[in-house]
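You will see subunit A twice below: alongside subunit B first, and alongside subunit C after that.
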Partner chain A sequence: MTRSVWKGPFVDGYLIKKAAAANGNRNHAIKTWSRRSTILPTFVGLTFQVHNGNKFIPVHVSEEMVGHKLGEFAPTRTFKAHSASDKKAAAK
Partner chain B sequence: MARIAGVNIPTAKRVEIALRYINGIGPNNAKVICGEVKIPAAKRVNELTDAEILAIREIIDRDYTVEGDLRREIAVNIKRLTDLGCYRGLRHRKGLPVRGQRTHTNARTRKGPAKAIAGKKK
Partner chain C sequence: MVAQLICVGVITGAHGIKGEVKVKSFTSVPKAFATYGSLVAGDGRSFEIKHVRPQKDEFLCVLNNIGDRNAAEALRGTELFVLREKLPPLNEGEIYLSDVQGKLAVAEGKTLGSIIGFQNFGAGELMELEGGMLVPVSFIASVAEVVMLELPDSYLDDAKPDSGSEI
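So, the complex of A and B:
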């Protein structure tokens, strides 16, 4: 189910203020825990430090990212795969 | 023999059914197209007049993305996600379910046939 258009995109209020303030100096990263915030067109070119539950992941916002959420770019899980040649199991 | 939208040659079937052989035309779209050209449900493809075939062709060309164009569009959409580095893109890259399904079990459509784990018994 997609969000109703009349509500407009969801962004945490403080993030809009911070982004507006940071518009002057582009290389200052905004630390945020607000993974749920939509990326607005005004955010393009900014860098966010998005928390993934453990540490902050730098996310440089490009034009294509508009409309996605900040959290989409800071994965919360580490991918663990079995190595291709697992000799440990064969030796058992 | 009727060629509609490139290489598709559906034959002695009812038009509504035959149109579904085109990639991108499903049950609903086929029905809508037949309604637009005013083809009765019982009519078969080999009974179509040239004018009707032409009309079908025109409608598909005008209103629908179909076959190669559709495949390209889908591929481009997926490529956009993978290049973006967003969560959905990562899932596409790894060949895992994209929409939050469980992967502890199942998810075989995306993951392909189960690989045997060496040394696991019972």
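So, the complex of A and C:
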């Protein structure tokens, strides 16, 4: 058994408590900075607000997101497409 | 009434020497862009898709009147639209995102701003409001002249840029 499997998924303890408290009340968004926490099956149906370093990104958890980290759904960088003039400049 | 056009794809380049074009689809079911009949470009040109086949995350299409690579390359960057009325009817509780874009979003009696676009980071569609606030599409309660949102408790306070000290 690999070490990562033996240790189990990592979730910040306080997040589990908040999710358990919110389970009865779906009309609640859990605000968190814990991007490192794994999404557990018990989180399905909950809405988190995950901090991306600037603002909170809403993340509504669905079944296929279980096992991923919360941070995967709150990107920290904005991609700005290259303009046509940039392409010309690069070609020269 | 001005016909409303919905962008369903964009021509990203040419493929081969026989005039095939590569199309990136924006529809939720990717292949659906080819099922609405003839597609219209922004300048009014109409394209009939004669044949379509998938290639990686794009589609290779044979268009009418496009018979060689030069003509196909000239179409690079052309956005393809369909008329709004050609889209299939919706079931109860469904909306087209294009129908709510530009409308005002209202929640808890407050006007939050108009909907300027949509984002998807892998956790469902998010509406981007004026000022940069993001709200899941699933929070829409009703759509009329304005879009009524049903937000979770204290959502509006939490959605503001970083100001808290909670961990």
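Definition applied: the second predicted complex is superposed on the first by the 80 of 92 C-alpha atoms of A that agree within 3 Å, B and C clash if a C-alpha of one lies under 4 Å from a C-alpha of the other, contacts with A are read in each partner's own complex, and residues count from 1 in each chain.
As a working rule, a contact is a pair of C-beta atoms (placed from the backbone, for glycine too) under 8 Å apart; a residue touches a chain by one contact, two chains touch by 3 or more.
Bear in mind that the values here come from a model prediction, so they are computed numbers and not experimental data.
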item: Contacts of A:56 with subunit B and subunit C, given as first, second, both or neither; value: second
item: First, second, both or neither for A:65, with subunit B first and subunit C second; value: both
item: Partner chain(s) touched by A:7 [first = subunit B, second = subunit C, both, neither]; value: neither
item: Which superposed partner A:79 touches (first subunit B, second subunit C, both, neither); value: first
item: Residues of subunit A touched, compared between subunit B and subunit C (which is higher); value: C
item: Where subunit A meets both subunit C and subunit B, residue numbers; value: 62, 65, 72-73, 75
item: Residues of subunit A touching subunit B in the complex; value: 62, 64-65, 68, 71-73, 75, 79, 82, 86, 89-90, 92
item: Subunit C - residues contacting subunit A, complex; value: 121-124, 126, 132, 134-136, 138, 151-155, 158-162, 164, 166-167
item: Subunit B residues within the subunit A interface of the complex; value: 80, 83-88, 90, 94, 117-120
item: Touch list for subunit A against partner subunit C, complex; value: 14, 27-29, 31, 33-34, 47, 49, 51, 54-62, 65, 72-75
